[in-house]
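Beneath this line is the structure, given in structure tokens, with notes to follow.
Letters are used for the chains, namely A, B, C and D, taken in the order the chains are written, and counting of residues starts over at 1 for each.
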Amino acid sequence: MEFGPAVNTIATWISGPDPSWWAVGIGLVAVWVIPVLAIVFPVAAVGQIIERKVAAAMQRRHGPNTVGMDGILRLVVRLAFFFLPRAAQDRIQARITALPGVGWTLGLLQRSGLGQLAADGVKMIGKEDIVPAGTDGLVFRAAPYLALVGAFLPFAAIPFAQNLVALEVPVGALYVVAASGFTVVGLLMAGWGSGNKFSLLGGMRAVAQVVSYEIPVGLAIAGVVLWCGTMDLHQIVAHQYNGQWYSFLGWNIFQSPFLALLACLLFFAGLAECQRTPFDMAEAESELVSGFNTEYSGLRWGMFAMAEYSEMILVGALVSTLFLGGYQSPIGEPWIMSLPGWLETIIHAGILLVKFTLGVVLMVWIRWTLPRFRVDQVMRLCWLTLVPLCLLSLFGLALTMLLGGLAGGVHTGPAYGRIPGMQHINLDALGWLVTWVVPVGFAAVLVAVARRRHGQMHPALKQLTGGA
Amino acid sequence: MVDPGIARPGNDPDEQVLVTTVDEFLAWGKENSLFYLLFATACCGIELMQTGGPRYDVDRLGMIPRATPRQADLMIVAGTITHKMASRVRTLWEQMTEPRWVVSMGSCANSGGPFSKWSYSVLNGVDKYIPVDVYIPGCPPRPEALIDGVMALRERVRKYRTLGMRDRDPHVVQGGDCAFGSHPGRDGACGPSSAAPGALAMSRGDESPRTPQSGKPAQVNGGPA
Amino acid sequence: MSTALAFAAIAEQVKSAHPSVEARESDNRQPWLLVPAADLPAVARLLRDAPALRFDSLADLTGWDLAKFPATPPSTDIAVAYYLHSLAHRHHLTLKVMAPRDAAQVPSVSGVWAVANYFEREVYDLLGVAFTGHPNLKRIMCPDDWIGHPLRKDYVYPQAYNGIAHLRDGQHFEDAPPRVGDPPPAPAAAAPAKPPVKSA
Amino acid sequence: MSTDVTVETLGGERMKLNMGPHHPATHGVLRLMVETDGEIVAKAVPDHGFLHRSIEKIGECVEWPMFVPYTDRIDYVCAMNANLAYCVAVEKLLNTDPATAVQVPLRAECIRIIVAELNRISSHLVAVGAMSMDLGAYTPFLHGIAQRETVNDIFEKLCGQRLTYNFVTIGGVAFDLHKGAEAEITAFLDAFEKEMIRFNKLITANTIFRDRCAGVAAISAADAVAYGLVGPNLRGSGVDWDIRRDEPYGIYDRLAVRVPVGQGFAGRNGRVGDCYDRFVVRLLEINESVRLVREALKMLPAPVEKKTDATGGYQADVAKQLRKPPKGEVRVRTEAPRGEMGYVIVSDGSKTPYRVRCRTGSFTACSIFQKLMRGIFMADIVTVIGSFDIVVPEIDR
């Protein structure tokens, strides 16, 4: 196992050129915690506001827009001017609000609902902490932490920038899948420990679902591994750079239709992994009240919410890393590389942030559009649709690579660099035919057959949907 | 008029800067994040639903519905409570976590409403079973009235003190502190105080163990499992 | 072509099979068949199964207490009314069974029309008519430990249920036991609860 | 697609689960005592009465017109239809004696149809919206709610209430249409039709939704009749029966009501009488109601000054008749959104009813629950409840 450069830097800084194990440990934790605390944690918190705002927009509402930052401002003023009487403090607060720009900013925060975030958090801290009688106390208490650990641990191996990665594990892709498995243990413990039958059902559903959907996730990642020839996430990212200004064309998702399909499959399986509608079996609100977290209140419940949003971010980050060029910009890298190191790190992390935030928004969009599957349908979808499609894609990918090799230099992806004798890039007609036209045409035929087999829509439904 | 909730300058030991400031901050959070329990029995439930709908949208105020009482701060008793249902309402209320608030929405929950006179099975007001903070008159109240009632409740929440609370009753509400002014009397009244002694003790969160019922698992939905 | 039968024709068919059934008319000339309780299951089966009748649907089943009904001669029975409807022929029929008030027992027709299960439970709950042969004759509206059958004309309203006083017409909150959280009342303020007013 | 597991293959050890009376999917205070083996339901026994408000007893205590507000509370989702059912029943009672006969003005009849059908629309919007919410789609529900607001606005202008109207009175309606009401209603209908197409594209045509409802809890026509299902639940099973058309009351006989019935709309996996059929039948009924409102608006006679006028008036004077109505009994069936709302009214000739009995659609719909909820998934319980459009006060009254 290797550690990221930043880890070594910190370790060296602490205990000299030959760092001791504990210094390395501190560096590791620091480098892991920095992106988690600075990027994932805030975004996971803001994710709930994103969710509410996107849902409101879809439902022609406003969403949270009346809670300003006045409470926080008042807190600051009260603490800073504690020696003044209340009335004077209030006047100072009013003055500050009236300052040019401040009121505007506060208003923006208010309309954006970010104040809501603070209010929710403050309220949760103030809530009574209940461990109901009849629960399995230790299990009940530990479950939220495990869920949170499962949600945050995988970020150690996600490269946020060239030097902002805690663990450069050679099997990074595998590590992410393994570490995120903690979450399901948390959910199961929550379901079991609550001593509530609805929770139990929710926990059981969560286990069945998450364990099943790890297969398509694993297979989708295997496709990337096959294509790039490495399991190191850092190298997978580096692999997707084609050296041009249009570097987005080098992203894995544009390399082959099979990879594009795998990206979609990974996204949907990831959606199921983090229990989001249409896969929110574990928390099916109308069936299981609130599923595994029915008995949780206050901060413990907040931890589950946090874990859920962190997992969404994880899925977004994983899809970005594996298929969308990771932290790389879509318009080439030289302009970033020319910047100072710290700025480069920030920009890279920011690019990844934008990518996974888009993924999160997409998930929210899906959630507020679709109804929920039934538990058997979720399983059927996994085992009878996603897994075969993943296998098919893997097969197609392997076939593409093989054909590319046989055709002698006809290839589009950088992977061919790894096949002996195929070191140069040549985007010619035959290459496009092999990698894109044939698979897409085949898929179109398959879809047409499936549609016909699925049957026509009833005429009454056609009438209801406007004769379309 | 003495305001029981807001600390006044003076020699009050609660008048510590930090305590009151943090209290104020906590109250600000509670006030702005009232998650309400999805609890509707009758007609008022439809208006409650409409209030959550696009036109009135209580999500603006930070109110979102929660299905489980554990995660709810506010119970809007929307609709008639019958004798058969009453003990379940109590159970639900007990399952909510402190600080918790109850809004009695509509005449039925206030007093039995149109059923108070001739009915044999309707409870004459939900405040017989649980303490109510705000009463909203109407049959059913309009969504505006509900929002107004929530605003009145927020006034109360603002006065709620988590840390600095001494002998104050958190469930004391000022006269005329409710929607549509004051309607003393049996229908849609703004009662002075309806706090259960137990509720007060529980809300302090110090000496009192929760009532035995409150810890029951697997009974989120009322009734015996 | 309509295959609906008029009341007279239906009554004729039923009476030919069950002579104990009588055709009656209410005060406002609504016709119905009076069926003796013992014959009810057989009549019900006949009505449902006879090809010309085919009363496949029990549209409603209810009852009322005749104790205060100004009829001549006065009766204290409980009338149980069955409103039948035939979706096949589109005709109607009203049956009634008179159950004596003190031992109100009527055979169940839940084996004939499945929906009667619920209707009969309701009539049992509210009027106290026991349907013999009913698979699950329990109260459906009121709690299981409720006292009395509310829709009987001599029903006495409860003073309290489950420890909570039930306020009645004429009573006011000040007469009632203290509410949750009320300050303890002065001894003089506690007035005895008024007796329940008789129902109309 | 329904489950391949049957109740007979379930294990012996079952979990008892208590759904309700407070549960997000029970549409109020219905309680289901469920026995499951894992996800499969072995048995579900409904428990009612949590909202039993003794409305039928109240009917014996109040005077004839005073009962109308209580009918609002029997079914608040379609209070206009509930008003109408009672008023039609009392009118029929009065009409059994020529001395007390009452003739409802034509304009009042038209207004009744308009408000009843508008209320049917808003009631069905709640039904389909709540069902989609039960299945996890929250957005269509709120889109339905948004449309309901417009209906509520119209009713509010009409009678000052948003939910419990007390608008239809014995002998007519309480108020005449307000100025500009026709234009408002037409404008609403025009916008609403477009909106419903979007709604249907969002949820009705959704594959996940269809697959979850298809084949679930299919009820045969014979069962539907035997268990006393009425209204859209009955028609969902393919039984062609609508009281508005087959036993018309008011002026429904002049409107040629078209009745949609279930045909297995879900396609390959669907069966006639499954949850999806009931859902779609409601949507088709919405379209039909839109048409009926338009036709009734066309038939609406011009208003006249005198409110008891036989054509242009809006309210016949029945105060005298109601003080001494004929002795006897009547039974009237009307078609409310949840199916037959039938009144049995017994009069002893006094100013209060002797017995008022209201037969409602939700009550009988519950009688089939126990039969349906065997061998289905836990998640299907909410689908079934949603597809029956249960309104609890209608069950418990």
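To be clear about the criterion, a residue touches a chain if its C-beta (ideal position, glycine included) is under 8 Å from a C-beta of that chain, and two chains touch if they have at least 3 such contacts.
What you are looking at is a predicted structure, and each value in this text was computed from that prediction instead of being measured.
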Touching chain A and also chain B, the following chains: D
Farthest chain (mean CA position) relative to chain A: C
Chain pair, A-D or B-C, that carries the greater number of C-beta contacts: A-D
Distance between chain centroids, defined by C-alpha means - chain A, chain D (Å): 45
Chain B and chain C, separation of their C-alpha mean positions in angstrom: 40
Averaged-CA centre spacing for the pair chain D and chain C, given as whole angstrom: 23
Distance between the centres, which are taken as Cα means, of chain C and chain A, whole angstrom: 62
Two or more partner chains touched - positions in chain A: 59-61, 197-198, 285-286, 289
Interface hub residues of chain B, defined as touching at least two other chains: 53-54, 67, 84, 117-118, 120-121, 218, 220-221, 225
Where chain C touches two or more other chains, by residue: 141-143, 150, 155, 199
Contacting chain pairs - touch in the sense defined above: A-B, A-D, B-C, B-D, C-D
Residue numbers on chain C that touch chain D, as the complex places them: 26-30, 56-60, 62, 64-65, 68-70, 81, 83, 87, 90, 94, 113-115, 117-119, 122, 126, 139-143, 150-151, 155, 199-200
Chain D to chain C touching residues, read off their complex: 48-49, 52, 54, 56-57, 60-61, 93, 96-97, 222-223, 225-228, 239, 241, 246, 326-331, 333, 340, 342, 344, 346-349, 352, 354-355, 357, 359, 363-364, 366-368, 371, 396-397
Chain A-touching residues of chain D, taken from the complex the two chains share: 1, 3, 15, 17, 23-25, 38-39, 132-139, 142-143, 146, 196-197, 200-206, 208-209, 211-212, 260, 263-268, 280, 283-284, 287, 377-382
Chain D partner contacts - residues on chain B that touch it in the complex: 38-43, 45-47, 49-50, 53-55, 67, 79-80, 82, 84-85, 88, 92, 114-115, 117-122, 139-140, 142, 218-225
Chain A to chain B touching residues, read off their complex: 52, 56, 59-67, 70-72, 74-75, 78-79, 82, 85-86, 115-116, 118-123, 125-130, 132-135, 194-198, 285-286, 289-290, 293-298, 301
